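Take a look at the following structure, please.
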Amino acid sequence: MPSLTHLDDAGKASMVDISDKTPCLREAVATGRILLLPETLRLIQENGLKKGDVLAVARIAAIQAAKQTQHLIPLCHQIPLSKVAVDFDLQAQAVHITATVKTTAATGVEMEALTAVSIAALTIYDMCKAVDKTMQITDIGLLSKTKTPLP
Amino acid sequence: MPSLTHLDDAGKASMVDISDKTPCLREAVATGRILLLPETLRLIQENGLKKGDVLAVARIAAIQAAKQTQHLIPLCHQIPLSKVAVDFDLQAQAVHITATVKTTAATGVEMEALTAVSIAALTIYDMCKAVDKTMQITDIGLLSKTKTPLP
Amino acid sequence: MPSLTHLDDAGKASMVDISDKTPCLREAVATGRILLLPETLRLIQENGLKKGDVLAVARIAAIQAAKQTQHLIPLCHQIPLSKVAVDFDLQAQAVHITATVKTTAATGVEMEALTAVSIAALTIYDMCKAVDKTMQITDIGLLSKTKTPLP
Amino acid sequence: MPSLTHLDDAGKASMVDISDKTPCLREAVATGRILLLPETLRLIQENGLKKGDVLAVARIAAIQAAKQTQHLIPLCHQIPLSKVAVDFDLQAQAVHITATVKTTAATGVEMEALTAVSIAALTIYDMCKAVDKTMQITDIGLLSKTKTPLP
Amino acid sequence: MPSLTHLDDAGKASMVDISDKTPCLREAVATGRILLLPETLRLIQENGLKKGDVLAVARIAAIQAAKQTQHLIPLCHQIPLSKVAVDFDLQAQAVHITATVKTTAATGVEMEALTAVSIAALTIYDMCKAVDKTMQITDIGLLSKTKTPLP
Amino acid sequence: MPSLTHLDDAGKASMVDISDKTPCLREAVATGRILLLPETLRLIQENGLKKGDVLAVARIAAIQAAKQTQHLIPLCHQIPLSKVAVDFDLQAQAVHITATVKTTAATGVEMEALTAVSIAALTIYDMCKAVDKTMQITDIGLLSKTKTPLP
């Protein structure tokens, strides 16, 4: 029967022991969307054509948050990330966000990728909240997760 | 014509000047949901009947993240929060999350409430990811925002 | 009947609402001790006569930790400290630590003073652990706490 | 003659060089106590029978602090922790705290275990300080420390 | 005779008491330069014409660092910043950096402005270090500092 | 033709992938200077003969900042430092600062050494700013950088 791995037999939280796990190359890709008014998207895009600051700020916030995951999500391990990349796709009524994170470690990086997507969305929300009262952050989930033995 | 407040005329990001704004009592309430399998909800609930740790961990992570908002969202101001409360409602296929944040300050706290909801959802995701590969974080938005002059 | 203030009626943790409390001048003094071998005390003292680094490092660590209290103790409020001072008294078999913290705020600073004492003790422990396997940190408590209305 | 390892020949502090040390499996166990009134213990316990929040909050704070040790204790190295567990034992007039920390690294984790115990005690103090003015944190020390060569 | 304000009569460091000081509107402007090869400047500029990321990243890093000053400079107070703006001027062989910081507080913000300039310069260094081995950060100082009584 | 490594083909920032790089022993040495009035130097030196706090505080701030580099410089990787040492040389009109940082990692530590020098200089500035309005931080650069294959 499945049980929650971060809780011991008495139901108490702990950072689970990974000292027996073998380090491998690991990659996780997470995605999410922030729904916006077309007018807001137009403002982001025009700014993008000039200086790109809205999405550039969101990208940097996301990369920095990925490196802070172990302090934000209490039971996450400290994992040295070997790559973090964040991409934005401007759709009809949304910015679609994709975060790709890599590591060589004994445990995976899906929480780092999901945290990057969440903070990117919140940063876009912050920068657009004066002009758009309808925004919603939605569909945050894991797209893929891979594990490759070290050569 | 509306424009993005965090960008100056040249399109460059800055932390906007709030030195002329008057401090008031401010409250923001944000909500969001994490979709889970019924079996996962049952595990959270049983744990809740015993020790409550899954939701207790998520609640603490959310409260701490609210206090870190200014370091996570690059252009947010440092705001001293006078209250943070996080509630969970277990629904048929989701945990519904509500965060209420109060301050006495010159600018609002919706980003703090939204950050609390996001980190609560990510923490639940982290603790359940070994037993549920279908989770999604969704419908994160602002429920209300009020401003009351100081007495 | 007394109850725990950080828990609501359902027993759930929250950062308690201080928005109705009036800011005053507040001071808290906390103390504690780290028990050491006389030989270890001699090494600290000799170093102190030269460069003072062991106690200087512990003092700085304590001051910085006081400013981090809201991120270390989950339900503490963010309080701007107007003064932090840390003193050491070398006794026969212990270093006695005193931390004094002041603020103008709506809630007190005893946790900030107690955190400063604890981190000072841990820093001394860290710097002496190679030469002393007997150390113990003890008697950490609040010496005084005062509150003065603003003029 | 013994000397303080974190000070060079001129008495100046530095983060000591561990680049020649071989990584091993390392574990440290630290303990401590917070002395409380029987009435306070009863409140913690009743809450524990309901929702467990006082000790759950203290446990999460301790786990997060263990991962922050390198930023709290100035000369500590950054060590990736493979496990952190925190246990509480309710005694007649005290909560007894035990923290167990594991790593695979070139230096030990006793400071991480001691920091976890200290922050757990401070968090209990914070949540009970409105109902108990007699609390004291005491007897914080190292219980054991082991080192196993990597297989 | 002048003396160092952060040291008490015994020469010990402390966070100086500002509880008697009156809050005013305060502004500080700091500047600095990073010397670069003309070829490196050309790369920054071309990127700037496209997406602006090098300077956008440096600007965000500087704004975030300003808000972290109290944790980076041990004896600085925690000051809520009401504005942070960072400007870059591309000169013949240097990027000239200007940071403007405002607050309503009992003590000034020159350290916040100087920290913003320093971290902006370090971030440019980081992003250009693969193509330019000659960079130097120089002439970091305070341009102006003003204080206006509250209305 | 050289290009900026932290930007992809579309000019967007990312944390560059280092998962194919082989860990080696790496060392970086950075230097810088803070220009001061002779009178200020005399005050630092006298304090140094007594308790050494100005330079001791700056040294600790620099060591702690080196360990925070990945959170200050957005695109830096998280690197476990095996040694950090900071030295000061009091010259006629300046304090000369040298920081030496070592690691065993897949990427270098020059940013950590440069960050340590910068924060040391800013900390000296902070502690002397009440007595010296002429200070300037200057000539921050890399002195050497070496890489040795692991045995």
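Things worth noting here:
The chains carry the letters A, B, C, D, E and F, assigned in the order they are written, with residues numbered from 1 in each.
Simple rule for what comes next: a contact is a pair of C-beta atoms (placed from the backbone, for glycine too) under 8 Å apart; a residue touches a chain by one contact, two chains touch by 3 or more.
Chain-to-protein mapping (UniProt): A, B, C, D, E, F = cyclic pyranopterin monophosphate synthase.
Bear in mind that the values here come from a model prediction, so they are computed numbers and not experimental data.
Within the list A-D, A-F or E-F, A-B finds its counterpart interface, over half of the contact pairs alike by residue number, in E-F.
Copies chain A and chain F of the same sequence differ by a rotation of 120 degrees once their CA atoms are superposed, given in steps of 5. Chain centres here are Cα averages; for chain D and chain F they lie 30 Å apart.
Centroids of chain B and chain D (each the mean of its C-alpha atoms) stand 29 Å apart. One finds 36 Å separating the Cα centroids of chain D and chain E. Each of residues 12-13, 51, 53, 56-57, 60-61, 64, 68, 74-75, 78, 80 in chain B touches at least two other chains. Taken as a graph of touching chains, this assembly has some other topology, since it is neither a line, a ring, a star nor fully connected.
Chains that are in contact with each other form these pairs: A-B, A-D, A-E, A-F, B-C, B-D, B-E, C-D, C-E, C-F, D-F, E-F. For chain F in complex with chain C, the touching residues are 51-53, 56-57, 60-61, 64.
Chain A contributes residues 2-7, 10-13, 32, 39, 43-44, 47, 50-51, 53-54, 56-57, 60-61, 64-65, 68, 72-76, 110-111, 114-115, 118-119, 121-123, 125-131, 133, 135-142 to its touches with chain B in the complex.
Those residues of chain F that touch chain A in the complex are listed here as 8, 12-19, 70-71, 74-75, 77-80, 106.
Of all residues in chain D, those touching chain A in their complex are 25, 56, 59-60, 63-64, 67-68, 78, 80-87, 102-104.
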